[in-house]
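Chain IDs A, B, C and D follow the sequence of writing; residue 1 opens each chain.
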Amino acid sequence: MNAFFSLLKRDLLLAVRSRAEALQPLFFLLVVVTLFPLGLGPGPALLAKIAVGVIWIAALLASTLSLDKLFRADFEDGSLEQFLTSGHSLSLLALAKIIAHWLSTGLPIVLFSPLLAIWLNLPHEALPVLVKSLLLGTPIFSLIGAIGAALTVGLRQGGQLLALLIFPLLIPVLILATGAVSAATDNLESSAYLLWMAAYAVLMLTLAPFACAASLRISLS
Amino acid sequence: MTPTRKKRLTVVLLILLGVSVAAAIAMTALQENLLYFLSPSEVAEQQMPTGRQFRLGGLVKEGSVNRATDSLKIRFRVTDGLKEVEIHYDDILPDLFREGQGIIAIGSLDNNRVFQADEVLAKHDEEYMAPEVADALQKAGHPRASKDSTSVAPSEYKP
Amino acid sequence: MNPVMKFLHKTGSPAYFYWLSGRIIPWLWVVFAVLTTWGLYQAFFVAPSDYQQGESYRIIYIHVPAAWLSMMIYLMMAIFGAIGLIWRIRIAEILAISSAPIGAAFALIALITGAVWGKPTWGTYWVWDARLTSQLVLFFLYLGVMGLHSAIDEPRKAARAAAMLALVGVVNLPIIHYSVEWWNTLHQGTTIKIIGESKMPSSMLFPLLLMAVATKFYFGAALLSRARNRLLDQDRRRGWVAKSIREQRL
Amino acid sequence: MTNPPNKDPEKPACLRVESLVFERWFIPVFEPINFQIEAGETLLIRGANGSGKTTLLRLLAGFLEPSEGKIFLPGQALAWLGHKLGIKDALSVRENLQFLARLYNTQATEALITDTITQLGLMRVADQDAGSLSAGQKKRCAFGTLLFQPDAIWLLDEPYSSLDKQGMDIVDRLLKQHQQRNGITVLATHGVLAPAQLEVRELIIEGFQDDYYAESLA
């Protein structure tokens, strides 16, 4: 288990060391969200209507952007080979990398979402549900995205292919989350949606590390 | 027990644990009734504040529809068998909108408790029937519309 | 070796698989041809017209079987892929990757016929109906699998990566399907469901079942033919290919 | 060093390979390979470029699955040193070694790390980022993998590449110590660079000759 924590610590240390690079997904998120009022006009009514979808799709794109780098560095400098021969369960090590990715990419998105909600005039009673949905959704991005990243790690143009692979798989999260937040805006109960997301998150938390480890073995063969 | 078998056992146990936790959460989610809309009686019960956007669902009351001649404006009442709500709408209605039809309206109450709708969705049924079968049913006194799978009889409401 | 493994191993040997599939394919084509002509005849000349949509509903006799088959093929692809991954049987890998294009084709057929059908019923070619939307997502899943397979050079590694993606996809497929259903009732109330689990009189249902079975045979024949070609291409330097050529048993 | 008692009983105490074949693009990379190494022996794999030396090592390390044939590995762990060194450029030598130590379950005590650094002759650059090191220094840093896994099977792919005289002496010393500990080592080099005064068994690999595939493998 201490290999798990030392890998987690190492990855976070690397993320802190290259702060600019680590925060790129966050800047991407802020920029993409600001494009919408510029593109569609600042009309508060319109913005309020599309706020949820815009924030969530931007969060999805931002997470995917950073997933390509998740295993690429370790693949290229040989660390992945060390993980494989270290005798530790590869899925445990993969989980450590996934958590590190979530902490360095998913969490900032959750923390900055209130700012995005204000920019897009999201009704303030929907804000708590937005944050909760992101808190549940971004880990799923990292979990499912890690499988895609593991499958495309050795490829030249892995990035675009990674997006094509995982976007269809992230549709349920997008639907549940936007359902939850729009239910909250329409003064309806949103806890059912969030519970479904939690169930999906736990399921992915259970299965994704194993799939990710198997995919890494395939990519390394 | 050799280490490999022990490792494999922990993996199986972990997966079982995770899947059962996920299933448990899903079960509780199923208990939560997924309200797509509020009925007129719920609107009355909850004294919905004016100006708060929400979805109102109900059956268009027979004879309550009157359309303005010069514009798209339309006024009708929606009922769930207990209470009624007046709805004002000023846009193109879905093609299947007619009296007795179930609808969902999205909008908010104005200060004299009239529901200003921004959007009205009509619900369809999905039966397929050869023409002669449809006529037979009509004659036998089961108007096809009433078998609308999303009818809004009050009994269906879960608080 | 238990019987299952022996069977898997036996069909696993390329020469045997090649010979066996060679014998089966003609029969599959024959049955497919018979069932299709009978089914289409029933669909367009015998089945009554629909009280609401008149004749335009008849397209379901192509749309529904194609949609069902595209989902079934994805499941088969995942199963073949799993066998290929776990027991490293090359034939299973070949069958998995050969079924991807067929599945994608049927998903596309389902989408196109769905759109063509949408025109008379809704006046637009595309309706974000629950089934059409999950059909579209299924099509993207197929593109993902084929894209990943073509992106990796070494055939065995490409097949295994694609198989893993198919497995991840098949676990998510039901979740995607239900979330899209849900999304649809959320935003549009319940709209007309094109594929009627709804009550269809038997006179309309019979041709549908006929066509559904017919398309399965098409899948069998097409899959085995594609698998044979891929196997031949992969083993072109192997002895048994030379032997088959010499004995004109290709 | 006999096997620890709780290892799987059916695994023998030696590394054996029987008629090993690996196909890439459905063509074998090398002629079928057979060999057996006992504890304490060192196997030197020689062969021209592209003869499959790295492929064989990757098969032993478990990165690749054999197309045919069998590999019998004794129970203990594997230490891998490939062309790619597994060193993070953004971390310092000390941090890299600390991580590697913890990855291989050794207690990453201060003393162990400093001792390893001195053994590898990297005292001067211990706290410099690994990215700023020369190829030879980086390679030496990667030897930490071996030092932290004394009783594993060592699999080394071209250990001498990009090393200076002093670096090569370090490799020879490590290999000697490993042999004395009855450890198994398999290393691949192409021709000129080989361990000095170390009693070694040799395996020559030839790339697959017969361009038309024999009937036997039909």
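To be clear about the criterion, contacts are C-beta pairs under 8 Å (C-beta built on N, C-alpha and C of every residue); 3 or more make two chains touch, one makes a residue touch a chain.
Bear in mind that the values here come from a model prediction, so they are computed numbers and not experimental data.
Nearest to the global CA centroid, when each chain is reduced to the mean of its CA atoms, is chain A. Here A-D and C-D were compared by C-beta pairs in contact; the pair with more is A-D. If you average the Cα atoms of chain B and of chain C, the two centres end up 35 Å apart.
Measuring from the averaged C-alpha position of chain C to that of chain D gives a distance of 46 Å.
The distance from the centre of chain A to the centre of chain B, each centre being the mean of the chain's C-alpha atoms, comes to 33 Å. Across the assembly, chain B contributes 36 as residues in contact with two or more other chains. Within chain D, contacts with two or more other chains are made by residues 65.
Each of residues 186 in chain C touches at least two other chains.
Within the complex formed with chain A, the residues of chain D that make contact are 61-65, 77-80, 82-91, 95, 98-100, 102-105, 145, 155.
Of all residues in chain A, only 2-3, 6-7, 10, 13-14, 17-18, 73, 76-79, 81-88, 217, 220-221 touch chain D in the complex they form.
Remark: chain A residues 89, 91, 123, 185-189, 191-192, 195-196, 198-200, 202-203, 205-207, 210 touch chain B in the complex. Only residues 144, 147, 151-152, 154-155, 157-158, 161, 164-165, 167-169, 171-172, 175-176, 179, 182, 200, 207, 211, 214-215, 218-219, 221 of chain A touch chain C when the two sit together in their complex. Residues 7, 11, 14-15, 17-19, 21-23, 25-26, 28-29, 32-38, 48, 52-55, 106 of chain B are the ones touching chain A in the complex.
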